[in-house]
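Two complexes, one shared chain (chain A), two partners (chain B, chain C).
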Partner chain A sequence: MTLTVALSALLSHWRRRPAQLALLILGLSLATALWSGVQAINAEARASYDRAAALLGQDRLAQLARRDGGAIAQTDFVALSRAGWLVSPVLEGTLRLEGSRLRLLGIEPLSLPAQAETLDLGRGGGDLLPFITPPGLLYAAPETVKALAAVPGLPPLRASPNLLPGTALTDIGTAQRLLGRPGEISRLLVLPEQPMGRANLENVAPDLALKAPEAGGDLSRLTDSFHLNLTAFGFLAFAVGLFIVYSAIGLAFEQRRVTFRTLRALGLSARALTAALLLELIVFALAAGLIGVALGYLVGAALLPGVSATLEGLYGASVPGTLSLRPQWWVSGLAIALIGTLAAAMQSLWRVWHLPLLAPGSPRAWARASEHALIGQAAAGLGLLILSIGLGLWGSGLIAGFTVLGALLFGAALLLPVLLALVLAGLQRLVRRPVAEWFLADSRQQLPGLSLALMALLLALSANIGVGTMVSSFRLTFTGWLDQRLASELYVTARNPAEAERLTTFLQGKVDAILPIWHIEGSLEGAPGAVYGAADHATYRDHWPLLAALPDSWDRVATGRAAMINEQLARRARLKPGGSLTLPGGWQVEIAGIYSDYGNPEGQAIVNSGALVAHYPTVERLRFGLRLAPGGVPALMAEIADQLKLPADNMVDQATIKRRSLDVFEQTFTVTAALNVLTLGVAGLAMVASLTTLSAMRLPQLAPVWAMGLTRRRLVRLELARTLMLAALTFLAALPVGLALAYVLLAIINVEAFGWRLPMHIFPADWLRLGLLALLAALLSALIPLRRLARLAPADLLKVFAHER
Partner chain B sequence: MNDEPHGQSQEGMPTHRHQTPHRSLFSIRRYQSGHMRHRLASLLCCMLAAVIGMSQPAASQGFAGLGTTAKGFAMPRTGYAFTFPADHGPHPHFRIEWWYLTANLKGADGKAYGVQWTLFRSALAPGDQPGWQSPQVWLGHAAITTPTAQHVAERLARGGIGQAGVSPAPFAAWIDDWAMRRPDMSATGGDALDDLNLSASGTDFRYSLALKARGPLVLQGQGGYSVKSAAGQASFYYSQPFYTVTGRLDLPGGAVDVTGQAWLDREWSSQPLAADQSGWDWFSLHFDTGEKLMGFRLRDKGAGFTSATWIAANGQPEPLPPGALTLTPGRKARVADRDIPVEWRLELPSKGIDISTKPLNPQAWMATRTPYWEGPIRFSGSRSGQGYLEMTGY
Partner chain C sequence: MLLTFTDVFKRYQTAEGPLTVLDGLSLSLDGGETLALTGESGSGKSTLLHLAAGLDQADAGAVRIDGVEIGALKDTGRAAMRREVVGLIFQQFNLIPSLTVGANLAFHARLAGRHDAAWQADLAARLGLENLLNRYPEQLSGGQQQRVAIGRTLGARPKLVLADEPTGNLDEATGDGVIALMLNLVRETGAALLMVTHSQRLAERLDRRIHLTGGRIL
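Let's look at the complex of A and B:
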């Protein structure tokens, strides 16, 4: 007998049951879709970070930067060059334009090492003279060039497809002029080949330190948590999806036992049969994998704009809004579909391999799980929970945080069947009526078969509760915090120092207070950060949301010898009020207090604005917060626009800025919410798959009960009640797991990932909705099998007895 | 400065440089030596064009475009009165300029060595500006030639910020850590260039030399106005060929103390050369009897253009008319995938000179962004001595 004949006999099963095939393919492709969608997004983002990092070769070149994070003097660059150091200066800064920001990279084309010249600015860029002499040239991505075309005061623009959106490359001289930072350099790229007998760094520029090349750069580090988050969700979705595949394959194998036996009896070896089945599975896995990858592309493409907006808003990372087909994610999608299918089919294949030729070939329900197996599962589940608690208490780091999460979820999932068995056994002791007793005993008997689907449901439900609680808690805290923090009624930004002066003069007497919002960017405790100046004003004393502070903290700041720092910086560097901090340029300050600063991944310090100007004379003094009666804001805006010709984009009122902040916030969790819903959907499908599988196998159990006088209608009602009861019990079990998950997210993951800890708020109304949703899902998933049961011909039930041998 | 005869048609020339991946920020146009011209004009222009892809608007205008190529730049003229030390400094209104030193040295180990130190200035636009906006670009080439090895380094820097430049008094010319400067302790009096310290470094070498002039500055051509073609292209050109040298070379094998003689060329111009000139062979010779000879041949489709200056032992120059010197290439060597005549016969009948030259190292290849051959030579025949040979355009 040839393999082809065997294959066609095996495949005929699917021809007769297209719905089952559809379910298998759907489950597998959905699981693959979510996984590869998430991977596609991650791959796109990582590629952008790598491009950003590779832009000036930071990933391959060592760099020199000031130890204190301040700007390098150009004279230091010249001194280093003349001491034999082959280095190339880079000035990096943010140019605030009307309504947008532009990251400006100033380079020196002659000394720029080959490793930093990764981007070819394209043809027509061959002019050194216009590049280095005023007005200079700005190279930017085509979309950025388009966006900047109307901005006055910029040098001529040139499009280069190799630059990331929002970044412009220009000569260092042009950058110094545009940023108003003459004679300043951010860092020096060190060429890989250095001359013989170069002077020691300590003798030439003792303030500078050598930094080794860093792959991915700061962005990669900052956004790691975000991507780990997405990956965790993608994996959860895939795991849930595998439950479907497991059920569908199990069902198909059970249903084909007769065929298997016949084929074996006709002389097909166990090896050939297994090979045929394996081939069948691989074909299905690849087909489903391809569909999954295609769906994944759609999922990724649909979510990417939201993710890009989040990354931009949260980390300032520029990621294009369009997805490209990268082998690293579609290949991994196909691979995981294949591996997942084979893992799910392992048990069934094993059974076929060992199929006794003469054993009864009738379908049978999955064997009742032994007490022994349940005890083992309980032990494993408890072990995972203990690991989770232990790591939560004593672990640190983001990976530990996610391990806490994973152990919690899977521990809880493993314990679920045990818990349900105990609950059912307990109930069984309470009831005395035979039907009720049969109902409960039968439910217990069904548990092993349903437990995988129920575990999937538990995972999806608790993830939903956990993430929902986290997002809602965050939203509540965030809005409250915004109300406090955005105290000024109007924020204005002048375009240049002269305009800033005219503006302040103009505003004298027209507003209650003019609060400077000036800042410098630099390194704080070894990571990128910013130092802001604040006026000594009641606005800050009354409104600034402090988490911890020394007494008279704002008075201390007003002296210029103390600073407030944000929670992120405090947590990362383990700083406390009363401690000391070195600001860029070596300025030592006392820490007067710690404030919450959501939505900002970087460290931040606030000093007195006078002291800021004294220490950093070149600070850009263009932005102000204005205090005035809220009713007077529109009139004042009109007056400023009219008299000072300040563009509307340079004035933002409190309401607008709040709305923008909330938009960024909502964007941040769009992806999470979308994945949440999709995961729940996959869990619902898993339920359908399991119940379909079970109903086909349950005839031998139902037939005797039917024979004893229970009508089919009654049986259907009881089946429905059982499904709903199990779903409800699972939901109840999911509640504490979900809340624990929310706690882990808020108190561990967020602190590690973003540097802030949020109070947890509880939203029972959301649970109610979710509970109803779970019941609805269970109801829907029971519908098809039950309809079949209701229409079952009595003859079929009788056949159970006839077939019994 | 444009001396590019075939305009931009050369951009696509398949040479080994072209095979390197295009990795430039500024879509580098690698001008190739196959069409390089005279030392005066094109070496620098080509180098800079190659290095930084600077646009040469006149590149396609060929010979007839002469007038436009130097637009805005000052032009060399006859009858210019040199003033020193001011003329030792840069002339930013001219397009190109260099401080070019070659030394024939003998090591304490008994071996012969050659040293090159060159600082080129190229103005992308006439005049100078302070800071980064300066249109002046500086290029350095340094080399040590040993009988068995050639060590080469190259530097590139912007003017305006102090990374590279030349100041006439006290004299200092520098790019990065390379410098040619009058020592602080130098005695007053004499010319600013009479007493110099010279240093340069590369990944596998460095050198530090002290130079003392034993003779006067020499004006080349007609009082420093040096004609480069039959069509009249010219440069300002003077030399100090009378240096004695002491110093030290650091090589991968260790340090060597050296002594010898050196020759400094100073030249600046804005003018291109004739359109059909394809390369040059240039000699600076120290006769054992104390005289010096500077001679070059610009190769073209015809007989070429030769020019020479005979310098008496007391420094008195005698410009020789075009064609007085005959240069005949001899044995060729395979250098960097091309055939280059490394041995020559020089005939100058009016001085009774008929000599043959041999290189210290036939592989004296300057593998810089725009490559060329430059190395120490010895000669014998009717007279003997040593010197330097530069060959471009092969």
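Let's look at the complex of A and C:
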């Protein structure tokens, strides 16, 4: 009963100030929306990886694979079967089809364990016979079936809702034919029930190793860094949103200080008062959480197609472009709203709990930080910056990288009010005119009330500068790198070996060089990778972008005893030129050099093409890069199409392939850019919130100056100038923070997440644009309070002085 | 005459309807003269003071300072009048919290372009503030704050000082001390003083007294 009465008294505050309540709910909803939107995307993607991994029971069945990552020979399978092992062969590979990729899985349905069954082939008949006999059947998700309908050379298609988009299932024989890998097996599924007394694996197939079941699989591991990136940005947006919540709650608590004291004086215990406030906060948090999660669904649904395209382009991971409603993120969204609200309210609740009953009634300025608190804040900020530098120098791993980033951002944000106070105090010493002196002193006094909004603005601006610098540096490096890397003027892919033979014969004398682009997929240093063959040609010596190399590195590769490796493999396995590397199948090579390989998450090695064929005789030899005068490309394409009937899709000129690569690149950062804009929007809202609430408290400071002869028009101009000045100073502070952030992203996060390091470039024109945007945001956020001040009647200003009329 | 009110009317809209606060009021004040304005709460004392300062405008009648009708001035003109001719002392002190005592003392004089460092130092010493110049208003007692407010106003050497219950927030002993100081300094600078007060005892220390009832002079 007491609690109800207290609660009704407390809630009456919000009835009188609906706009303040709306701001609190909006801030919390937006914070929750951005966070849960990102979580929804991550949950959707992870669910897809799990489905992909669970496709053949990989999450439940042990498997046999070669220790060196190479293909298992058919003879090993036969030997194991004869030795009593109950295993089922699987071939996995990627089929490139007209600009898209299809993950192809070949199975042997008769030996497939029940746990791995994805399709009902009808063992009693049905589709089983056509599945295992030529031309076979190709099962895929309905949308994939639709996309593949016009592709020639594929077996008859069947739709299955159990399969993920971009994945197809067929008989292992059909898969070997389609992938051009006859007699190859990628792995053997081990049935759970094995006969007693079967021969020891070491004796039958010593090259094979038993792998325990794993959830998620390679895709999950490969894409972890991408999802961590998204999570970090979601968290940043959430933190910026919490600034609004903290600010709104703090203001409401200060405004109700007298009410709290009265309630306490009337007999309400501190415990009951705190409980009533806690109850109020929980109700608000749940209401805002529900709105936030609903908004988050919209954010997630809007961003998911971009994320899907990125994951497909970068990792070849298929994620549906539509979002499912998952109960777990509704719950987690509500939980994060609740946790965020309580975290933002903790300080205010602590104050209420310790509110002295007989405290002096002097009005205390809202959020007014004492010098002591400011020093404490500066110390915490410095501590975080030191932590950031220390971890940057001595830490390792992606989590340490993100901790560096978080400590840098929040350390800088905590230091901002102190820094602004020092700058304003310094300027105050320089000025001579009284109005300028008052302006600066008054600005300094406004800092505690505005600092949260300014800190939010600093975070958003720094994130924009940092991410913008990273993306632009990446774009510049990537474009230059593509120019080097894509040296061939035309890329052609034959449909079969016979056609490849005809093509190379036809091209003799018509082009300057025919450079094979052949590769095998396999394990490199314990992770998925690829080995490419390159001809001994000046193209590579002149163009290939090397980061480090032994002398005469390409000559060493030409001998067949050395390989070039990409940066990500070198960093991951800590390999250096001069070291050695074991390629799939146990082939030992010397590392001749390291090349940059942006946009590729996997390890890669380049060996001599002749040596590649010698070690992997079954390698598909269908793709070539052609060197010729650029002007001759269209004519040659027409000639190949006319004489060899090679489809247009199998020929790509340099410009097209560059454009496609850049499209994938741009898509990769679409989501980051969207989150950046949303974060800036939330920071703008924090500014609106702070300026609007502060404007109501400005009269006691403005009225005396007005009374001493400053016009209201001039006061409006000064208030506007103050907002713009603080935004401009915050922007200036954000520049070094943003650049440091860019450095952390380029030199730490990218290296940890993707395995490559990029040179940092700076883009002052972008800063100018962002600076103007920050000023515009400040101007817009100040419009309502300024309009209110401009229209203020003298009578309202007089109320400051009037104790009676 | 330095200040004249001629048949001045002022009404406010309230929840209960229009309320007449000044009802055809006329008065005048000479340069160097001190005048006490007494009356019950709601009798219109503060309104009269606000009109005299150009902080508010009359609904009818004329308010003139130094021969200039304030009602005819635009906002900038009224602001210039407050800056250069008038000095205000409030019951709530209304110091600028972001400035030090020294900066507060000099503020109005500097705004008016009449800052005189020697005069300010003399004022600070006579007001007993010389050791408090680097403090902020919130670090002072009520009496000290009101002395700063008086110093701020007199530092600008205005022709007309308008004081609204300047001792209303002080205890009697402190108030007496503050009033004595203020009257001495006002007389020394030759300024006219119009002071609103509830206290008959304080009113008697001024040259002339007017009692307001229902917006009229009794």
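Operating definition for what follows: the second predicted complex is superposed on the first by the 698 of 805 C-alpha atoms of A that agree within 3 Å, B and C clash if a C-alpha of one lies under 4 Å from a C-alpha of the other, contacts with A are read in each partner's own complex, and residues count from 1 in each chain.
Note that in this section a contact is a pair of C-beta atoms (placed from the backbone, for glycine too) under 8 Å apart; a residue touches a chain by one contact, two chains touch by 3 or more.
On a predicted model such as this, the values are computed, not experimentally measured, just so you know.
Residue contacts after overlaying the shared chain place A:Ser111 against chain B, while chain C stays out of touching range.
In the superposition on chain A, contact of A:Leu148 is made with neither chain B nor chain C. Contact with chain C, but none with chain B, is seen for A:Leu798 once the two complexes are overlaid on the shared chain. In the superposition on chain A, contact of A:Leu427 is made with neither chain B nor chain C. The wider contact with chain A, measured as residues touched, comes from B rather than the other of chain B and chain C. Shared-chain residue A:Met708: touches chain C; no touch with chain B.
Looking at the shared chain after the overlay, A:Asp442 reaches chain C, while chain B stays out of its contact range.
Listed in rising order, the residues of chain B touching chain A in the complex are 22-29, 51-55, 124-125, 129, 131-133, 135, 137, 153, 156-158, 161-163, 174, 176-177, 201-206, 250. Only residues 433-435, 437-438, 441-442, 444-445, 700-701, 703-714, 794-795, 797-798, 800-805 of chain A touch chain C when the two sit together in their complex. Per the touch definition, chain C reaches chain A in the complex via residues 12, 21, 41-42, 44-47, 50, 53, 55-57, 75-76, 79-84, 88, 90-92, 94-99, 103, 106-108, 110-112, 164-165, 168.
For chain A in complex with chain B, the residues that touch the partner chain are 74-75, 77-78, 81-84, 86, 107-112, 114, 117-129, 131-134, 171-174, 176, 182, 193-199.
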